[in-house]
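The next part holds the structures, each set out as structure tokens.
Both complexes below contain subunit A, partnered by subunit B and then by subunit C.
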Partner chain A sequence: MSVESLIGRSLPRLEVREKLTGRAQYTADLYRPGMLHGALVGSPHAHARIVSYDVRAARAAPGVRCVLTGDDFGDHRMGAFIKDEHAIAKGKVRYVGEPVVAIAAETEEQARAAALLVEVRYEELPAILTPEDALAPGAALVHEDLASYFKVFEAVCGGNVCSRTELAEGDLAQGWRESDLVVESEYRTPAQAHVSLEPCGALAEVDPAGRVTLWSANQSVFRIQASVCESLGLPMSRLRCLTPRVGAGFGNKMEAHIQPIVVQLALATGRPVKLILSREEDFEIVRTRHPFQIRVKTGVRNDGTFVAREVEVVADGGAYADDSPGVLGYSLLMARGPYRIPHTRCRGTLVYTNKLRAGAFRGFGNPQVSFATETQIDEIAARLGIDPVEIRRKNALGTDDRWFCGQRLGSIGLAECIAVAERESGWADRAKLASAPGKRRGLGFACTAHISGLLGTGAIVRLLEDGSVVLNTGAVDIGQGSDTVLTQICADALKIPLDRVSIASPDTDGSPYNWGTTASRVTYTTGRAVFAAAREVERQIKTHAAELLECAESDLELRPGGVVGIKGVPGKELPFVAISARAHWRKGGPIIGTNSWVFDQPTFDPKRAVAIGLPFPQIGVYSFGALCVEVEVDEITGKVDARRAWTVADVGRAINRASVEGQLEGAFAQGLGFALVEEVVWDGPRLANPTLMDYKVPTTLEVPYELHAHIVESPDPDGPFGAKGVGEIGINVVAAAVANAVAAATGVRLRQLPMTPERVLRGVLASQPGG
Partner chain B sequence: MSVRQTLVLRVNDAEREVRPALHDTLLTVLRDELQLTGAKRGCNHGVCGACTVLVDGRPVRACLTLAHTCRGAAITTIEGVTGIADRLRSAFEDANAVQCGFCTSAMVLVAAALVAERPGASIEEIRTGLSGNLCRCTGYRKIVDAVCAVAQGTGR
Partner chain C sequence: MSALKQVHFPKTPEEAARLLARGDGVRCLAGGASLVAMMNLDLVDPDELVSLAEVAELKGIASLPDGGLRIGAMTRHRELETEARLAGPFAVLREAAGKVANPPVRNMGTIGGVVALADPAADYPSALVAADAVIELASERGRRRVPAREFFVGLYATALAPAEIVSAILLPPAAAGVGLYDKLARVAGDHAIVSVALAVTRRPRGDLGVGLAIGGCGLTPVHRAEADVLLAAGALGDAAARRAGELLAAAADPLNDVRASADYRRLAIPRMVTRAVARAREELGRLG
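Then we have the complex of A and B:
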């Protein structure tokens, strides 16, 4: 029996063969007997009152079994932070495409054909399309009833302001006085679309007792259960949420999308209903990354010591709050970066507009603010004549420091991340980079940190009669590989082979609560719960073994292969199967280990900081990272080509090295899209590019083959085997590092994303003599 | 109701009788009539590549192909493909080139056609050959490495 630890190995995904043979089933691949197909009618207006519906023709159309309007839904609202959203538009529409009518028919074609027959009369209202519109005196209100909505935190809101947050430490006025140099700039980042390759979809079925089963593409069966029940006024016990394979999420599938509508269609028809969004609908009605306007002002001493920083953010949240208050608060908490800056104040305003809602997206506001702050650091370094890596190293947080607002830090591998990225990229020799004629090359550097944590988590480990184990956590594997990682943790803790553990699919009926696959949290939070639940199983096994082997529990050890024995006495041992049989049939009862916990360390220390409108009191532990990118800029076209990249993260401990690399590589690619090409564009009130033809995401030709992921391990004292999260950190500073590389190559400093050839070229021309 | 016509398709070496409408795509027929759901609908507009299947050994976008134009052709889906594809499967597994898996069926099929046509393909040829298939999860590095291992015979 192998004694090699399962931790730190690059084991393949448990379900990899399923995916390689086409047998993996995603929501769209599920078919139920008698299943109907859903279709939606979207609003043509950004902001309008719904006057009346005429659905007679649609109801009479071939194959149609049900047509639902807002009148068929009760007055219930959902929302992670502010309960401001109905399951379907009711009374008013607030963005173009917002679902207004839902149809179920025998075939998808019939449902979509009937959708064209629906007539809705609207009374148009002034559309609020920008933060400036939203904040203008006398502006039309996106939510007239905002004051009366239920909020889960002390939201500072009013008018079209959805949430305002302010965080401060130190004394800004003193900070400016102590600074030798103050640099201030404004930055803009665009809406980015998640483009999970699997579009959102759901399938709901009502059983004879009236209970609903819902399969959907999601990142949390529990958030979906809560949102659907909240928005339909159903008791949570009436809905069971399940998850087939998920074709990635990136934040898009964390909160509800069309699940409430699909459940209502199933309840109304008594038949299973499936609705899979088209790619266009997925662009138009789900959510995006927030467009940010950011002003950053940083004061430093001549020796490069950071002294003061002021950040002002205006975030466009679109029509509904969704996760936006969290994104705003988190972005401000990240705006000091992984550095010591004694005097810092960050303020943000999140506005409602009549556009598609913005929400969670890998990085959760960090990529936006980091683009600003990490490029400004390079500007400062250039002004002071200090190496960009040196200035970062000089100000980097160390073990005795706290995060902005006062949270203590567990483990910090930042210095090592910087060192690895510097060494691997050949940073010191960057002056020797040769460029072809007409091209210019440069290296760009940036640092980051990101949390992993938040909210409740549980795990159940059950020892079956034959000594094998079922692990149940309720955490959704959205493709990032958490099923494999959690199974590795469980198997290693019990010293049994991987194939003796099976992991249950998330099921709100049977799984312990798990807030979700978000906030880079599953390995850290759920992994901890799994480890503790496995320890509980070990304890129960030892209680039995001590009785059977007539020894003290403390004399026992687990041995590889599912055996418990007396330490130092080779023959004295029992297989798990013997223990489990005894527990099941004779003494003690089935062995079940459970654990549940919630991250409870305060984000904010009132003795050090002031915080107003902070939506999360306890957030998580910190991972750290550094990134170096080499770009080549074409002087004629302005096109930026990322040629090589070194992405480094301190993940505490890599449970599965290849999966950690995969997260860093994938996040880099998505960040490269954000840096160079991706932008959701509105043409007036409607999306101009809701197709993959018009909204480009990076392909094999844009993402450099020389994409080097490096892992740094500074074990977290509480993480499972020391592990911290890695899901998001790799995206945070891609745009910043690319911008810094473009500046190094061309001297052009871009403060707006994406860095399109046109913007680069304009910068190059403007910087040329006579330009 | 749209007109449906009987059609015999040769899918994964078996004759299958289906009754698609004249405008039904091969993707719809494979998925909805034959329950071969390995081909994915990522965009339905010929951009993402997730619906790719092999028709007479060549990768085609099933979302852009009318089912009735496939009469007489040999259609191979991820469920039925063998040979080089089996080596690619092992290589994808070894390189950890699969995350969510939604792009994977198509990547394997496109790579199988690529390696069949150009044994010994270089990294640049592989990058170009896969450039019509989007993956939002992996950053492509591990996928290219997996295909490279098979093309250059360094895999298992």
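Then we have the complex of A and C:
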């Protein structure tokens, strides 16, 4: 029996075979007897009152079994932070494409054909399409009843302002006085689409007792259960949520999409109903990354010491709050970066507009503010004549420092991340980079941090009669590999082979609560619960073994292969099967280890900081990262190509190295899209590019072949085996590092994303003499 | 709901053309790379399809007795991308084929399909105009030939008559020379923001024949005979290249779209033309 630890190995994904052979079942693959197919009618207007519906022709169309309008839904609202959203438009529409009517028919074609027959009369209202529109005096209100909506935090809101947040530490006025140089700039970042391989979809079925089972593409069965029940006025006990395989989320599937509508169709027809969004609908009606306008002002001493920073953010949240207050607040918490800046104040305004809602997207506001702050640091370094890496190292947080607003840091591998990226990239020799004729090369550097801990989670580990184990956490594996990682943690904790642990699929009936696969939190939070639940199983095993072997529990140890024995006495041991049989049939009862906990470290220390409108009072546990990118800029067209990259992250402890590297590589690719190519464009109130023909993401030919992921391990004292999160950290500063590399190559400083050939070329031409 | 009732499999171009005459709802199916995607998006909804898959004459690339090439309309992009006979000035077509979409599409799509569709964003039209290729068309009335420079007349509009199909692309006898295709796109496989197709022939007497066309910047490939003459007369010099590029930039009618602004395209055309011409000049120099 091998005694090699399962932790830190690059084990293949548990489900790799089913995925590679095409047998994995996604929501679209599911079928139930008697199943109907759903279709949606979207609003043609950005902002309008719904005057009346005429659904007679649609109801009479072939195969149609049900047509639902807003009138068929009760006045119930959902929302993670502000309850402002009905399951379907009711009374008003607030963005083009917003579902107004839902249809169920015998076939998908019949449902979609009937959708074309629906007539809705609207009374158009002025469309609010930009934050400036929203904040103008006398602007039409996107939500007239905002004041009366239920909010889960102390939201500062009014008019078209969805929420305002302010975080501050130190004394800004003093900070500016102590600064030798103050640099201030404005930045803009665009809406980005998630483009998960699998579009959103759901299938709902009502059982004979009237209870609903809902399968859907999601990042949290529990958030879906809560949102559907909230928006339909159902008791949570009446809805069971399940998750088949999920083809990525990136934040898009964290909150509800069409699940409430599909459940209502199933309740109305009494038959199973499935609705899978087309790619175009997935672009138009789910959510995007927030467009940000960011002003950053930083004061430094001549020796490069950071002294003061002021950040102002205006975020366009679209028509509904969704996760936006959280994104705004988190972006402000990240706006000081992983540095000491004693005097800092970050303020943000989140506005409602008549556009598709913005919401969670890998990085959760961090990529937007980091583009501004990490490029401004390079500007400061250039003004002071200090090496960009050196100025970061000089100001980097250390073990005794705290995060902005006062939270303590359990482990910090930032200095090592910087050193690895610097060494591996050949940073010191960057002046020797040779450029081909007509091209210019440059290296860019940036640093980042990201949280891993927040909210509630649990785990149940059950010892089966034969001594093998079932692990149940309720965490959805959206393709990032958490099933494998949690199984590794469980198996290693009990010293049993991986194949002796099976992991249960998330199920709101049987799984312990898990807030969701989001915020880079599953390995850290759920991994901790799994480890603790496994320890509880170990304790119960030892209680039995102590009785059977007639020794003290403290004399016992787990041995590889599912065996418990007396320390130092090789022959004195029992297999788990003997323990489990006794527990099941004779004494004590089946062995079940459970653990649940909620992250309870306060985000801010009231003795050190001021926080107004803070949407998340308890988050923390920081991973750190550094990134170096080499770009090549085409002098003729302005096109930027990333040629090489070194992405480094302190993840505490890599449970599965290949998966950690995969996260860093994938995040780099998605960040490269944000940096250079991706932008959701509105043509007036309507999306101009809601197809993969017009919205492009980087291909394998854009992602550099030389993309090097490096892992730094600075163990967290509480993380499972020391692990921290890795899901998002790799995306945060890709745009900033690329922008810094473009500046190094061309001398041009771009403050707007994406850095298209047009923006780069115009920058280069404007900077040339006579340009 | 799809109206498709029937798929025909004719054996000759003439039979295919006759089937197309059955009505407006009858469409010609070549590789399907565009048509099937458009059907999936409900942009077209044909009643009947005339598949060219079994028309033997449309397949493959044949060397002609005069030294020219006859490229069957059903030749896949991948075949053209790897065709060694597309040399000298006709390398422009080989390079363009290699820049079409992505490998799965290149394994499926055909040159005849692209030519007949005449999507202004496609890669072949400007390459065929630069190469001064000839499009052979087939109908029940027989065959006719239309120069590529006259074939593309507008947005999805060509010299094709009703019930007529593209049967082949004809290239004149290969001469010594250089051909190249430079494509600027947001990512690999996207439609061009600007593409530059250039075919340069060194004639037996030593003078140059030049074909230069711009793609992605109007409803049809942008081509001006004056620009070709300028480049030939100026021996592919930088000054001539700049003037030719400016001429084509002025002649172009680009759009503002999600790929780039019209202004940027006009700015990029002379710059990309100058680079392409310089590359051609160097390669020509290496030919001796």
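Rule of thumb we're sticking to: the second predicted complex is superposed on the first by the 771 of 771 C-alpha atoms of A that agree within 3 Å, B and C clash if a C-alpha of one lies under 4 Å from a C-alpha of the other, contacts with A are read in each partner's own complex, and residues count from 1 in each chain.
Everything below uses one rule, namely that a residue touches a chain if its C-beta (ideal position, glycine included) is under 8 Å from a C-beta of that chain, and two chains touch if they have at least 3 such contacts.
All figures in this text were calculated on a predicted structure; none of them were measured in a lab.
Visitor: Could you look at A:245 and tell me whether it touches subunit B, subunit C, both or neither (first, second, both, neither)?
Guide: first
Visitor: Scan A:51 for contacts with subunit B and subunit C and give back first, second, both or neither.
Guide: A:51 sits against neither subunit B nor subunit C.
Visitor: Per the contact definition in the header, classify A:637: touching subunit B only (first), subunit C only (second), both, or neither.
Guide: Touch status of A:637: second partner only.
Visitor: Which of the two partners, first being subunit B and second being subunit C, lies in contact with A:436: first, second, both, or neither?
Guide: So A:436 meets neither subunit B nor subunit C here.
Visitor: Once the structures are superposed on A, label A:766 by its partner contacts, choosing first (subunit B), second (subunit C), both or neither.
Guide: A:766 sits against neither subunit B nor subunit C.
Visitor: Contacts for A:670 in the overlay, against subunit B (first) and subunit C (second): which applies, first, second, both or neither?
Guide: first
Visitor: Does the superposition put A:703 against subunit B (first), subunit C (second), both, or neither?
Guide: first
Visitor: Is A:689 touching anything from subunit B or subunit C once the two structures are fitted on A? First, second, both or neither.
Guide: second
Visitor: Taking the superposition as given, does A:209 touch the first partner, subunit B, the second, subunit C, both, or neither?
Guide: After superposing on A, A:209 lies clear of both subunit B and subunit C.
Visitor: When both complexes are superposed, which of subunit B and subunit C contacts more residues belonging to subunit A?
Guide: Result: the larger residue contact count on subunit A belongs to B.
Visitor: Which parts of subunit A are touched by subunit B and by subunit C alike?
Guide: Residues common to the subunit A contacts of subunit C and of subunit B are 109, 697, 699, 701, listed in rising order.
Visitor: Touching residues of subunit C toward subunit A in the complex: what are they?
Guide: Touching subunit A: residues 1-2, 102, 184, 186-190, 193-194, 258, 260-261, 264, 267-268, 271-272, 274-275 of subunit C.
Visitor: Can you list the subunit A residues touching subunit C in their complex?
Guide: Against subunit C, subunit A makes touches at 109-110, 113, 438, 636-637, 639, 677, 679, 681, 688-689, 694-699, 701-702, 756-758, 761-762.
Visitor: For the complex, give me every residue of subunit A touching subunit B.
Guide: 10, 12-13, 15-26, 28-29, 31, 62, 109, 194-199, 245-248, 250, 276, 278-279, 478-481, 658-659, 661-662, 665-670, 691-693, 697, 699-701, 703, 705, 707
Visitor: Residue numbers of subunit B touching subunit A in their complex, please.
Guide: Contact set of subunit B toward subunit A: 1-2, 31, 35-45, 47-48, 50, 77-79, 89, 92-94, 96, 98-105, 108, 123, 126-128, 130-144.
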